[in-house]
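I've put the structures underneath this note.
Heads up, the next two complexes both have subunit A, just with different partners, subunit B and then subunit C.
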Partner chain A sequence: MLPATIWLLVFAVAPVVLLFAMSFWTSSIFGTEPDFTLENYKVVTEDPIYLLILLQTLRIAATVTLISLLVSYPIAYFLASLKGLSKTIFIIVLFLPFWSSYVVRTFVWLPMLGRNGLVNSFLMAIGVTDAPLDWLLYNEGATHIGLVYVYTLFMTLPIYLSLDRMDPNLIEAAADLGAGPIRTFFRVILPLSMPGVISGCVMVFLLGCGAYVTPQLLGGTTGIMFGNLIATQYTTTNNWALGAALSVVLILVVGLCLAIFGRRARISDIFIRT
Partner chain B sequence: MADALTPPRQRLSKRQRRERTRKIALWSYVGFFYAFLYVPIALLIVLSFNNSDVVGLPLRGVTLRWYNEVFGSADLIRSIVNSALLGTVSAIVATTLALLLALGFRTDFPMKAWVMRMLLLPILIPGIVGGVVYLVTFGYGGMPFGVWTSTLPVHITWVLPFAFLTLFPRVHGLDPSLEEAATDLGATPFVAFRRVIFPLIKPGVIATAMFSFTLSFEEFIRTLFVIGSDRTVPVHLWTLLSDQAAPFLPAVGVVIMAVSIFASLIGFVLSAQADRGRAKVT
Partner chain C sequence: MTDDNKSRLHQMPGLSRRQILGGAASLSLAGGLSLAPNAVYAQKNGQLEVLMVNAMVSPTLKAILEKELEVKLIDGPFMSGTDTVSRLTAPGGARYDLMNSSFAFSSPVVMGAKAGAERVQAIDVSQIPNMKYINEPSKEGIGQRDGKVFMIPHSWGYDSILYNRAVVPDDDPYTHSWSLLFEDKYAGRIGWWDVAHQMLMAAGLYLGHKEPEKMDRAQLTEVGNFLIKKKKNVRTFFGTFAQGSNLLSGGEIDVCYGIVPMRNDLQKRGFNIAGAWPKEGVLSLISASYIPKESRNVKMAHAMIDVMLGKTYAQELANGSGYLSASTFAQEGLSDADKKKYGYGIFDGSVKHYQLKFPTSMNAWIETWSRVKSA
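Now for the complex of A and B:
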C-alpha cells in the first residue's frame, strides 16, 4: 500500500504539479526558468488562434462523441441480444482491430482516403468522378472519421455492458402492457442503458479532447486540434512554459466538462475491457 | 377459406412482420459496421503485397519485397524487442503495485478517496498532456531519456490504474478472515499471503498482468515525448510515417498490427482460462 502511494505521489501527482507551476515560468532561448508571471496565460487569451482551436477541439470532440454514440448503440444492442458462441465470436471480432496501436488504426485511413486510395478508385470506377478527389483527406472530415474509427469501441463496450445486464423480462413486460417497440425503446431500454451511454460519451469525449495522432496524420492544416498546438510548443518552438499553460487550460476545460457530465459515469464500466 | 389458402408467410401478424423487418435492418447495419471496421485493414493487407512503388491502388501484382525490407530492418526488430521487454517489466511492476493497492482498498483507511483520485489521475489527464507532463518533468529533472530510464516509470504509472480496476473486483470479495485465520494459526503475514491469499487470486493476477502488457505494448503518445532516440513499436511506425512516400509502410503496418493482436490474443485466452479457473474454485 505505502510503496504504491509513494509511487503515485512521485510519478502521477508531482509531474502535474510541476506542469502547473511551469505554466507561470518564463521560456527563452536559454531554456525555461522558474518565475511567477501570467505572461503565458496572457498569450493564450490574447492570441485568438488558441481560443479558436480550443473551441474547434471541443466541437470536434462533441461531434465525434455524438457520431460514435449513434454508430455504436445499435451494435451494442445487437451484441446484447446475441447468445452463446455467436456472441463470443462477434465480440472478439469487434475487439481485434482495437488490439493494435491507434497509430496503426489511424494510419489505415491514409490509403483509404488518399488520392489513389480505395474510396477514390471506387468513385472513379462507378463514374461519380473523373479525377481523384483531393478533399477526402487532410481536413476536419478526415479527423472525424479517424477519431470515430479509433475510439468507437470505448462507446460500444460500456453501452453493451449496461444493456447486457438488463433483465429481458422488462422488455416483454413492456410489450405485454401494450407498448410498441419504439415506446419500449425510449421508455424502457434507453433509460436503463443510460449509465453505459454516459460512460461511453465521457470516455470518447475525453479521448477526443486529448487527441494528437489522428488530427496530425489526417487533419492537414484545417483539421488540427488543441493537442497539436500543445505538441508544437515542445517539438518546434521549444516554448515549454507556454505549452504548460496550454496544457493547464486543456486540463481545466476537460475537467469542467467532466464535472458537469461525468458525475454519473461509472469508471469501472469505462475501463474494464473484457 | 380464403384465409387457409394464403401462403403461411403472409399470415404473419403485423407485429411479427415488423419484427422481421427490424431484424433485417439490424443485421444489415451490423454488416456495414463490421465492414467499416475491417475494410481499411483488409486494404492495408492487400497493399502490403502490392508490387508498386506508390502506396495505393491500382494493384500491380503480388510481391513479398516490402516484407523482405521490413524484416531486414534492424530498427523494427529492435523496436519489437524493446516493446516486449518494456511491456513485461511494466506489467510485473504495475500488477504488483495494483495488488498492494487492491489488498489495501478492502478496508477503509484515512485519505482513501484521495489515493483513489491519485490513482485515476493518469487516465483522466488528456492524452497529449499525459505525454507533455513527463517530458517537462524528466527534462527539467535532468533524467536521461530512453526506454529504461524515463519510459519505464511512465508506462508503469499509465498502466497502474487499469491494472487496479481489473484486479480490484477479483480481490474485493476476498474474506479478510482468511488471512486472520492463517495468522492466528501462526503464519507470518508473508506466508499467509503466499499460501492462502495468492492461490485464490492468482487467475486475476495473471489476467491483470496480461492486460497491462498489452496496454504498455500499444502505448504511444506518452512514450513519444519521453523515449528520446530509442524506439518502441508504435513510435517506430510514427517516425516512418513522417516519410509518407515509403512504399513499405503498409507492410510495416501489417506486421505491427499482427504483433500487437497476437500479444493481446494470448492475453485474452490466458485471462479467459484464468477466469474459468476462478469459476471452478468458487
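Now for the complex of A and C:
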C-alpha cells in the first residue's frame, strides 16, 4: 500500500498541486514568482476568447469521441469474433502504428491528404478530379481525422475486452428465444459491452480535451484547441502562471463533464470494470 | 477490487516493500548518473557548451569556430528567444557557457531591471579585440551599464515574406509590401507563422502603425480584426520554421512569413524561393551574446565572441546561415549583387527595416492572436 501511495503522491498528486499553486503565482519576463494573486483567473474569466476556445475544444473532443466509437466498435466486434492465430495477427496489426510516436502518426496524414499527397494523386490519376483538392487538409475535418486515428486504440481496446469476455451462450440463448441479430445486438451485446464503451469514451474524450499536436499540425487556421492556448503560455510568452490557471480550468471543466457523465455511469464502471 | 483480482495479485511474484524501495533508490541513482556526464563533460578543457540559433553553428560555421578556438562545440537545441531567456533564468542557473538571442527581446531579462540585477557576468572587453570591428548600426546591440558590458552583438537577422517564384513573379507589386502575406491575390496559397509577436508586428506595420510594439488594446483589436478578415486567404499556420520550409518546398503553400535561414536553406537545396523586401520594412533583430554567471569556461566563451566577430566567421556567416554579421569584415570582398542578395542594405539604409521590439503588453498580443486563430 505504501509504495502505491508514494507513487500516486509523487506522480499524480504533486504535479496537480504544484500546477494549482502556480496558477496563483505571478509571471513576468523576469520569471515566475511564488505569489498569491487571482489575476490569472481574472484574465481567464474576463476575456471571452478562453471560453470560446474551451467550448470549441469540448465540441471537437465530443465529436471525436462519437466518431471513434462508431469506428472502433465494429473493429472490436470483429476482433472479438476471431480465434487463434488470426486473432493474434489482427491484434498485432491494430497495435502496429502505435509502436511509433504520436507525432509521427499525426505527421503521416500530411503526405496522405496534402495537395501533392497520396489521395489527391490517386484521385487525379483515375480522373476523378483534374486539380488537387485543397479541403482535404488544414481544417477542422482534418483535425477530427487525425484525432480519431491516434486515439482509436484507446476506444477499441476496452470495447474489445468487454466483448471478448462475453459468454457466447448468451447470444445463442437470445437467438433461441427468437431475437433477431439486430435485437440481439441492442438488447444483449451492446448492454454487456457498455463498461468498455464507457471506458473508451471517457479515455478518448479526456485525451481529446488535451490535444495539442494534432490540431497544430493538421488543423490549419481553424483547428485551435485549448491545449494550444496553454502551450503558448509556456513556449511563447513565458507566462507559466497563466498557463497553469488555464490548465486548472481545463481540469475542472473536464472533471465537471465526467461528473455529469458519472450520473449515468458509475466511476467504477469507467475506470475499473472493463 | 473483486476477490478474484485480489487473489491474482497475491499470486504475483512477491515484491517486498524493501525491494520496491531499493528499486526506486537504484532508479534515482541511475537517473542521477545519467545527468552527471553533462556536467563533467562541459568542464573538460577544450569543450564549450553554447545555446544559440542553430543556423549560426551550421556545419561550415561550426567548423570555423572549432578550428579557430581549438575547441569542441556542443550546441544545445535552440527553440526560441523566450526559451533561451527561460533557460537563463531557470532555477539552478543556465548550464551553458555562452548564449545568444535577440537583443531587443532579451536585454530586459539579461540586463535585469537595475545595476546588480544582471543575470549574466560582465564581459571583459579586453579579451574581445574584434569588438572594434562592430559596425555602427550594430552598436545599438551592445548591452552595457555603468561602464560594464554584458551583451555583445554579433549578427543581424530579418524576417520577411518568402515566396515561390514559379507562382509569384518577382515583379509583382505585391512583393514590395507585406500585402503579399495578407491580401486576396494569393488566397489559399499563404502560410502564417503561428506566433503572435511577429504576425501582429507585420500586420501592424502593414496597417501603418509607426511603432507597432506600442499598440494599445484598441489598435490591437483593429489589427486582429484585419487578420480575421484575411484569414480566409491562409491555407495553414506553421509552428516551426522547419515546418514552414516543408510546406513551401512541398508546394502546399507558395507564400509565407519567413526568416533568412529558411530562405538560405531552401535556395541552397535548389528551390526557386525568394524573399520580399516590403516597403514597410523587414522585421529585423540584432543577435547578441552573453555569458551566464554559471559559465564553466569563461575564457573560451570570450574567445568565441571574439571569433564570431572575426574575419573568417563574419565572411562565411551570410553564406552559411543567411544572417548578416555585425562585423565590418563581413562585406569585404562581397560583390554588390551578393550584398543585395543577403540584405546588407539594412546597414546603409537601402533596405528598410524595423526592429522586432518586445511589445508593451505581450499578454494582450497573445489574446489578440488567439482571437484571430479561433475566429
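Remarks
Going forward, the second predicted complex is superposed on the first by the 247 of 274 C-alpha atoms of A that agree within 3 Å, B and C clash if a C-alpha of one lies under 4 Å from a C-alpha of the other, contacts with A are read in each partner's own complex, and residues count from 1 in each chain.
As a convention for this text, a contact is a pair of C-beta atoms (placed from the backbone, for glycine too) under 8 Å apart; a residue touches a chain by one contact, two chains touch by 3 or more.
Note that this is a predicted model, so its numbers are computed, not measured.
When the two structures are aligned on the shared chain, A:116 is found in touch with subunit B and with subunit C. Of the two partner chains placed by the overlay, neither subunit B nor subunit C lies in contact with A:191.
With both complexes placed on chain A, subunit A has more residues touched by B than by the other of subunit B and subunit C.
In the superposed model, A:71 makes contact with subunit B only, not with subunit C. After overlaying the two complexes on the shared chain, residue contacts for A:3 are found with subunit B and with subunit C alike. By the touch criterion stated above, A:230 is placed in contact with subunit B alone, subunit C being left untouched.
Of the two partner chains, subunit C is the only one touched by A:221; subunit B is not. Contacts of subunit A with subunit B, set against its contacts with subunit C after fitting on chain A, overlap at residues 3, 114-116, 217, 272.
Interface residues of subunit C, counted against subunit A in their complex, comprise 1, 17, 20-21, 24, 79-80, 82-83, 85-86, 89, 108-109, 112-113, 188, 192, 194-197, 231, 234-237, 239, 243, 250-252, 358, 362-363, 366-367, 370-371, 373-374.
Contact residues on subunit A toward subunit C in their complex (touch as defined above): 2-3, 29-31, 43, 47, 49, 52-53, 56, 114-116, 134, 137-138, 216-217, 220-221, 224, 228-229, 232-233, 235-239, 242, 272.
In the complex of the two chains, the subunit A residues touching subunit B come out as 1, 3-5, 7-9, 11-16, 18-19, 22, 32, 71, 74-75, 77-78, 92-97, 99-104, 107-112, 114-118, 121, 149, 181, 206-207, 209-213, 217, 226-227, 230-231, 234, 240, 243-244, 247, 250-251, 254-255, 258, 267-268, 271-274.
Subunit B makes touch with subunit A in their complex at residues 18, 22, 26, 29-30, 33-34, 36-41, 43-44, 47, 54-58, 97-98, 100-101, 103-104, 109, 115, 118-137, 139-140, 153-154, 156-157, 160-162, 165-166, 169, 211, 214, 217-218, 220-221, 225, 233-234, 237-238, 241, 244, 249-250, 253, 256-257, 260-261, 263-265, 268, 271-272.
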